[in-house]
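Each of the next two complexes has chain A plus one more chain, namely chain B in the first and chain C in the second.
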Partner chain A sequence: MKLLKLTTFNFMPYKGTMSLSFPTSSEQNVMLVYGDNMRGKTSLLNALRWAFYGKALGRHSRELPLQDLINKEATLEGDWSMETCITFEDSGHTYEYRRRATKHALVSKPSRPEDFEVSRGLLRDGIAINGYMIDSEISRFAPEQTSRFFLFDGELLQEYESLLIDGSEQGRKIKEAIEQALGVPTLIRGREDAQTLLKSAQKQQTRDLDKISGMERHVDRQRALQSEIETVERDIEDQETQLKTIRTDKTVLDDFIEATEKIHAAKERLTTNQESLATNAQTQKDLEIQRLGLMRDAWKDLIRPQIALKREHLTEENNQLAEAMIRKANISGQIEQLKKSLSSAICHACGQTLHQSQRELAGAELGRLEAEYLGIAVDENARNRVSAEIRDLDRLLKPGPTAQIKFLDKELSKLKVEQTKLDNEIERLHDQIKGQDTAEIARKRTLRDGLIKIEGATEQSIRASRAKLDKNNKELQMIAKALEGIPTARAAKSTQIVKIAGELERIYGRSIDRLRDDLKTRVEQFASDAFKALTTQSKYSGLKINNNYGLAILDERGHEVTIRSAGAEQIVALSLIDGLARAGRSAGPVVMDTPFGRLDPGHRANILKYLPTTTNQLILFVHEGEVARGHDLAQISSRIDSVYEIKEVSTRHSKIEKVTT
Partner chain B sequence: MTTDNDQDMALAALRAASDDVEATLPESFIAATYAIQRRHQFNQDQTASLHDLEKLVEDHLGQGEAR
Partner chain C sequence: MSVSEPTMIGLSEKAHALLSQMKEDNFLAEMADGYRLGIGLALAQGIEPEDVPQRRTVFSVATIDPDQEIAAAIRALIDLKGGSVYRMAERLADWGVIELAKRFDGSPIDVGALVPKSD
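Then we have the complex of A and B:
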């Protein structure tokens, strides 16, 4: 298929008529539309989606309501009509697919999709195709189930990472889309049809054999198994419906939770802060009590300097008394020695005889010492009193409570500052959640958690029911085989249909596993080729696929690279998409919205060089930061057919202008 | 964007699976059942494909009786 032209009227920011012509040359097959954020790049992708499938997607791939798709400025002027028209060619035919929405005549201001009348028409070579055939005709060129791989939202590239995580809901959805793109559902539906045919034939067989004598045992068991299978199938159907409802409810709750995340976080912080405030108040109270206790002895610290001074004086006095006592004792000893020397006329120090002159000198010294001795007054009582006073003062001088009080004061001061901060934060948080139903937010969060548990239990229950179903079907197969050996039974037409349908079911069942294995090998090869062309890291040797079609990067030794950058993720995702495109379908257009967000110039250059070679049309909606008009475009100038630019007329009105051809 | 692929891997897998299970059904018949599924692959309702399959089986049995 080749896109030729897109024309819109009042679609999103494009007020009035907007027209884009796509590249038709196989050599110059690249088209770029430049636009800043919020100007309408994604709206162009949505214009194509709405043109083909009657739906436009917003964040998280949620469908946007119809009333939000009509240009706001036009609606303010009273024009509530919108139209898209996509022209394309395939297999030598030219198609024109037009879709139009207008408000119902009786509705004054539409507020829901039901307020609109939507009509569509498909022309093939100018001839109208019947309405009931439009969907199957469009599915031949651009099946909606695989549209994510050619109408490509760059912001969703990160979703592909979930394929590496077993059991991820997002991964499951992408895997389904991948298998759809690769044709697996065709075989699954074939098996389902064979199963339905088999069941109906088995029932007929039971009725037919009922009429033949000798078949009672087989018939009874067959009937019992059929009845049991029907019950289990109904159970599975109910459980799957329940699971679908749970998942839908969970998605709605997830959206609500995401939208109210800030309020919830504010409420959580408020609760934490209120608890901290209560703890702060209690700590302050405890510290005040402790401080009061310490204040009882605080007077000691007030007179501490005077006591210290007094003690200093007493110590000095004590020292003087001690020195006097020592001096007196020394003099007393000397007096005793001199007295002995004089009475014996022999020197007590050297044992020599003292001459008269020496005795006279000794006598004079004795007299001086006796006089000094008498002059030294030693008051024992005074010394005891001074020592006792020093001891008393020492008791008073032990470390007082002031230091502790100071510490407590500092702590209390800190707590008061913290209290003020908490008060202010609590007030701010109260303002933030004012008017919000936080109880409802809490209820829905708990409900979501509950749904996750029920989802797990339901999945387990479905697995158990399927196992039971398999067991019963196997037994039915054995009975069918046994009946084929009985001539009277074999002759019945129903038995022959059972045989054919049973065989078909086995073939289709086996083929699904085979196809999945073949596809994985093929996608891995194509994606690895693409990856090697796109990556700037020469040491990477390729990609390895898992059961979910998730791709791991292999290093030069063939080992998985466990830590991948956001840019590497994007390259892997692009490689997967290219691999899928090449494994599952013939080349067609690829429309990409903001695909280069996280990529460096080297990777951008590789992609711009590679993708035009694997698609027949490459249409890129980009901003200047992703693809530089000068340098980046120069590298693929020979491939470029046209460049457009989205211009802002007003906040609600954009227009597209062709820049170069 | 079309799903026509010269190397139809699904049909190839079906043929290989037919060998795996040692099917007695003719290859042309199996290919015809696959053509039905291809034709109706994007229809939400499987009534049409089932109806076509039933008819194919009836025709196949009819051919057997005729022989």
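Then we have the complex of A and C:
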């Protein structure tokens, strides 16, 4: 398929008529549309999507309601009509596919998709194709299931990372889309048809065997199993419907939660701060009580210097009293000795006889000492009093509580500062969530959590039902095999049909597995080739595919690289897209919206060089930050057919201008 | 001759009102704590105050000074000249409580600021 031209009327920001001509040359097959954010790049991708499939996607791949697709300025002027027309060629035929939406005549201001009448028409070489054939005709060259690989939203690249996570819902959806693109569903549908045929044949077989005596046990068991299988199949169908509803509801809640994340975070912070404030207040209260308790003895610290000084004076006085007492005791001893020496005329110190002159000297010394003794006044009571006073003061000099009070005061001061900060923060957060229904936000978050649990439980039930179905089918197969050995049963035509249908179902089953394995090998090879061409890290040896089509990077020794940057993820995702495109369909156009978001100049250059060689048309919707007009474009100048630019007329009106050819 | 010591001591009306307010403002756990702090402050300042006018009895001596430490401190720092130590305590407390009220004027009592820096 090759796109030729897109024309829109009042589609999203493109008021009135807007036209884009796509590259037709196989050499110059690149077209770029530049536009700043919010100008209408994704709207161009949606114009193509709506033109082909009648739907436009918003964030999280959610379908945008029809009334939001019509240009707002036009609707303010009363024009509620919108149209897209895509012209393309395939297998030598030229197609013109037109889709138009206008409000119903009786509706004054549309507010829901049902308020519009949507019509479409497909011309092949100028001849109209019947309405009922349009979808199958479009599916031949641009099946909707594969559209995500050629109408490519770069902002969704990160979704491909989920393929590496077993059991992720997003990964499951992408895997389904990949298998659609690769053709696996054709075989799956074949197997389902064979299963239907087998079931109907088994029922007929049960009826036929009912007429043959001796087969009652088989018949009863077969009938019971068939009935059980029907019940389980209905259960699975109901559970899958329920699961789909749960997932839809969950997506709506996720969007709401994302949109109210800041408010929720503010509310959480508010709660945390209020708790901290309460803890702060309690700690202050506890410290205050502790501090008040210490005040009882604080008075002692106030007089400590005076008391210490007083103690020094008392100690001095005490020492003087003690010295006098000792002195008096010494003199008393000397007097006693002299008295004894004088009375015995023998020196008590050396034992020699005292001469007269010596006795006279000793008598004089005795007199002096007696005089001194009488001069020393020793007050025992005074000494006891001083000692008692010193003991009293020592009690007062024990360490007081002031140091502890000072420490507590410092802590209280810190807590008060903290309290002020918390008060201010709480006031700011109150302002932030003012007017917001935080109870509703909390309710929806809890509801979402509940849905996640129900989703898990439903998935579990489906797995259990499928296991039961599988077990019953195997038992039916065993019965069928047993019946093949019984001549009367074997003779029944229905037994033959059961045998054939059973074989057919098994062949389909094996074929699906084989096709999956083959396709994975091919996708792995193509994606590895693409990756090697796109990456700037020469040491990477390629990519390795897993059962979910997730791709792991292999280093030079063939080991998986476990930590990947955001840019590497994008390159891997682009390699997967390229691998899928080349493994699953013939070369066609690739339209990419904002695909270079996280990439450095080296990777951008590689992509710009590589992709034009693997597609017949490469259409890029980019902003100046992604692809620099000078340097980046110069590298692929020979490939460029045209460059357009989205210009803002007003906030509700953009137009496209061709800037070079 | 031994001095007759009172068993109950108090404050002037003014000091009592101020002490009550400190307790009410939660700056003190007990009025007795402020009473003792007042005595400590007056002793630290070397004050020998006049008699308390219009005394109001509020505490028993046993409550204020169960271990006779206040009596010991007063005796150590003031020459009582034969006077009653607890009458002196009363005068010191009266001056000290009024001084505390002046210094902190409705704010919590900053004990750290009362303690002499050289300590």
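In this section, the second predicted complex is superposed on the first by the 541 of 661 C-alpha atoms of A that agree within 3 Å, B and C clash if a C-alpha of one lies under 4 Å from a C-alpha of the other, contacts with A are read in each partner's own complex, and residues count from 1 in each chain.
We adopt the following convention: a residue touches a chain if its C-beta (ideal position, glycine included) is under 8 Å from a C-beta of that chain, and two chains touch if they have at least 3 such contacts.
Remember, predicted model here, so these are calculated numbers, not experimental data.
S.K.: Touching A:405, do we find chain B (first), chain C (second), both, or neither?
M.R.: Touch status of A:405: second partner only.
S.K.: Does the superposition put A:95 against chain B (first), chain C (second), both, or neither?
M.R.: Touch partners of A:95: none, neither chain B nor chain C.
S.K.: Just chain B (first), just chain C (second), both, or neither: which does A:395 touch?
M.R.: Only chain C; A:395 stays clear of chain B.
S.K.: In the superposed arrangement, does A:621 touch chain B (first), chain C (second), both or neither?
M.R.: neither
S.K.: More residues of chain A in touch with chain C or with chain B?
M.R.: Of chain B and chain C, the partner in contact with more residues of chain A is B.
S.K.: Under the stated touch criterion, which partner chain does A:141 make contact with: chain B (first), chain C (second), both, or neither?
M.R.: first
S.K.: Counting only touches as set out at the top, which of chain B and chain C does A:116 meet: first, second, both, neither?
M.R.: Once the two structures are laid over each other on A, A:116 reaches no partner at all.
S.K.: Would you check which partner chain A:500 touches, where first means chain B only, second means chain C only, and both and neither mean what they say?
M.R.: Only chain B is touched by A:500; chain C is not.
S.K.: Contact-wise, after the overlay, does A:14 reach chain B, chain C, both or neither (first, second, both, neither)?
M.R.: So A:14 meets neither chain B nor chain C here.
S.K.: Look at A:296 in the shared chain and tell me whether it touches chain B only, chain C only, both, or neither; answer first, second, both or neither.
M.R.: In the superposed model, A:296 contacts chain C only, not chain B.
S.K.: Taking the contacts chain A makes with chain B in one complex and with chain C in the other, which residues are shared?
M.R.: On chain A, no residue contacts both chain B in one structure and chain C in the other.
S.K.: Show which residues of chain B lie in contact with chain A when the two form their complex.
M.R.: Interface residues on the chain B side: 1-6, 8-10, 12-14, 16-18, 20-21, 23-25, 30, 33-34, 36-38, 40-43, 46, 49-50, 53-54, 57, 60-61, 64.
S.K.: Once bound in the complex, which stretches of chain A touch chain C?
M.R.: 288-289, 292-293, 295-296, 298-307, 310, 389, 392-393, 395-396, 402, 405-406, 409
S.K.: Per the contact definition, I'd like the list of chain A residues that touch chain B in the complex.
M.R.: Touching chain B from chain A are residues 1, 90, 135-136, 139-143, 145-146, 150, 182-187, 189-190, 192-194, 196-197, 493, 496-497, 500-501, 503-504, 506-512, 514-515, 518-519, 522, 583-586, 588-589.
S.K.: Can you list the residues on chain C that touch chain A in the complex?
M.R.: Per the stated touch rule, the residues are 26, 28-30, 32-34, 36-37, 39-41, 43-44, 46, 67-70, 72-73, 75-77, 109-112, 114-116, 118-119.
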